[in-house]
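Read from first to last, the chains carry the letters A, B and C; within each, the first residue is number 1.
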């Protein structure tokens, strides 16, 4: 064994791997180990799927969560973002959505308005410019997410969001919208559910301004369904008892869609707040409502797991599969995810994400 | 420096490492860096242990936590599971226990009963078949964990578990038990502690059926001790005040063992709910009770840390060592762990796990 | 494509990389992939910073968090610690501070007093000795953190800490202080804020003993500011409403500094409990007080993120930058961090840490 290891070390050194560390692995031989001295994957082993492959709606869009509410930052530089866009592309993603241009005092681009009038902090990088360049480089469409002052979360009142975004929408369109052909649309980022006070008026006003300023570029929203898992991320409980019924959901969203459909082109309900056996019931109502108001029906397929005490790590593949299969059954138009870079990327800090990427490509025959 | 780097890059390229990235490391030279441009471990440095080595009970079994309550999924394919079984083997593991065959609507194998009668979701892979094949391939004994409907957790009543498992046990034995010689026993997965209503009858009934159907294959349970750390994973507190006393624990478990010992061969108490200086007191009672009822006394050495706000990451090695040393002092028969793949495996998403594996092998002179 | 892959595999094999696994990456070519078959970083891509570089106070010290309250253990051996000291050095760190020599029954060195009188557990490695050796090897100054019995956390009374540390300080100085020239000072580890009962007397007594026994080696404390984020790590809320005002903070700390400044040389307030736009107000008061009492004014720049539900992962770089820029503006003397090994090290289990290290070096022109 000792001799073998010496030979292995010698051979590896000749191949330029002089930096390696070799823990001994009892009962295993040198050919079982890779250059880092770890046991190696047997690439001839294949997973045996017992369900039909490629039977769900493929994910073709992702949020970019650079200004985060509740997902710790990965501290990537432009090098890593460039690589991530290539990974997205290799999975079939053609649409990237910056989830918000700012949250409270942290912002993604050096906005004169937000820096001077709102005391926001100067970011070290102009992320908006970077994302637009990368989207252009990799042939993707970029959606701009509006500014979130945090006041709506604190007060339930959306007036402040409308006011701030009047300036933000104008500023952004002038500085970036005309410059980059990748600027493809607007995401009205206020996350609402049910009868949020003043939401219809606010969404209509913001959607209209986005369209007016940009010659009618598409807009979308991504609300949550007020289901059993609609709980605070910072809280310790994982579910609640006063979840909305399908009927009540339909009634309330019929009213909201009625008020906004002329300026909002698509609705991508978050798919993680209801249980897996409620997917079909809610999805068919969502599709019916979207059809009625001639909106596109998207799904925001959450790629993180809401059922675990660690908030949040990548979702188990079968859960994502169930949701994408339901979206296909319901005839949805497009699937986007929140979000690729933490929860599905091979370079994510959570290596469960890279394995989710592998499972996803295996299922959709993308490899 | 620039010249050196160029030379290094050139040499590395010749050795096939053209893909590398080289961050500069002030004050360090090229020979300090590995092929990825990171500073490299000095493999001549050794830890200096000041405690006797190899002084605990070695871990020879692990749970497989594929259907998880509270540990986020790693999204491994069969390739990664195959590798993990090799890592287990290299650490001395001869027994793998699938913690449960299903939990609520998520299941590990395409059970006709659970799919049709219980509305469970079709899994994309037959994990039961995969584990049995891998156990066979690597010469391990596989224990099958019963189905957990979740109703006992919700209601405190085990009736439902008995009813469902009547079908599951039969079905599984017919389809897999006779096919794989690695099918080596049963894990009665209901996690109880103290005087759970109906638990004795339920455990007896399920244990008896397992034995009857399989020609007497061994069965075991793995309850928790109702100690100070027996709190909800989803809650925010880490300990409680109404912990059980050693005397009360003995009294209650004497009664339970008395009622089940003819059909349950071993009891592996979870070791993580009591404090480290309570180990000897509880362990000696457990051993005494097991001896009295001619059961084997195992320990379920938890390899995750219950003392941290992140629930859960790998345990600090010295905590695991204290528990395994106590198990040895108490004369326990076997140590299993919950569980290898997240908390001790070199390919775990938590890289603390790989280091725990290294510390474990260092202590037990396995390298 | 198949041909290309075969050629790539063949070439890679010639270069000694026979262990690789190649997932296919649709639309990408072999030259886009590294030896592990992953898409590779394009090292020509550079981040474009829009803020002045090198405009903050550089971090030159770090805590060593081996006996942890609330940060899960990395299970490193001496090899990994040796490497980490090199990474620290490459970032400009000259000072390492062991955060505490023990916490409740877990201790860092085989203390006769704590083992015999307090029932502490024997550690498997003498970490104190190891850190002193590594500090010597890499030319750093080591500060010893006092023992924390946990009783102050439970009772609010510091009497027990003073009593235990009488023995610990003597023992440690005799056994290690005279032996290692890297032994450079003392960290009085009791974490207080505002008018903790008996804190002034306790800190004075411990500080005096440290200085008396060691010929006047420097001492420091690292209290928290009782700001809006001063909440329990194990709790689920991230902020509170009864935060201290700047005026009240100044009044209380004036009193504390007055009582301890003759035996405490520096104060490194933790910078994470106040909001980013409160930094200047609190920092200028801290500096004024330190100047008044001729103490050094340090900042404990927390490199973990207090704003996220996962407690705790590495901080977003821009947050760290804002804090270090504020410390520079306030004329602080030194920045230390809690802590490098989990939150800034390229070998941290949290790979966000390695990226934070890259961002830090990029900003401070250290590469």
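Miscellaneous remarks
The definition used in the following text is that a contact is a pair of C-beta atoms (placed from the backbone, for glycine too) under 8 Å apart; a residue touches a chain by one contact, two chains touch by 3 or more.
Everything quoted here is computed from the prediction, not taken from an experiment.
Chain contacts here are complete: no pair of chains fails to touch. As for how the two copies chain A and chain C face one another, under half of their interface residue numbers coincide.
When chain B is laid over chain C using CA atoms, the rotation angle comes to 120 degrees (nearest 5).
The distance from the centre of chain A to the centre of chain C, each centre being the mean of the chain's C-alpha atoms, comes to 32 Å.
Contacts with at least two other chains are made by residues 15-17, 21, 40-41, 43, 79, 236, 310, 358 of chain B. Touching chain A in their complex are the following residues of chain B: 11-12, 14-17, 21, 33-35, 40-41, 43, 68, 70-80, 82-83, 86-87, 89-90, 92, 105-106, 110, 119, 121-126, 129-130, 233-236, 310-312, 346-347, 349, 358, 361, 366-367. Chain C contributes residues 15-17, 19-28, 32, 38-43, 45-51, 79, 236-238, 276-277, 305, 308-310, 313-318, 321-322, 350-352, 355-356, 358-359, 362-363 to its touches with chain A in the complex.
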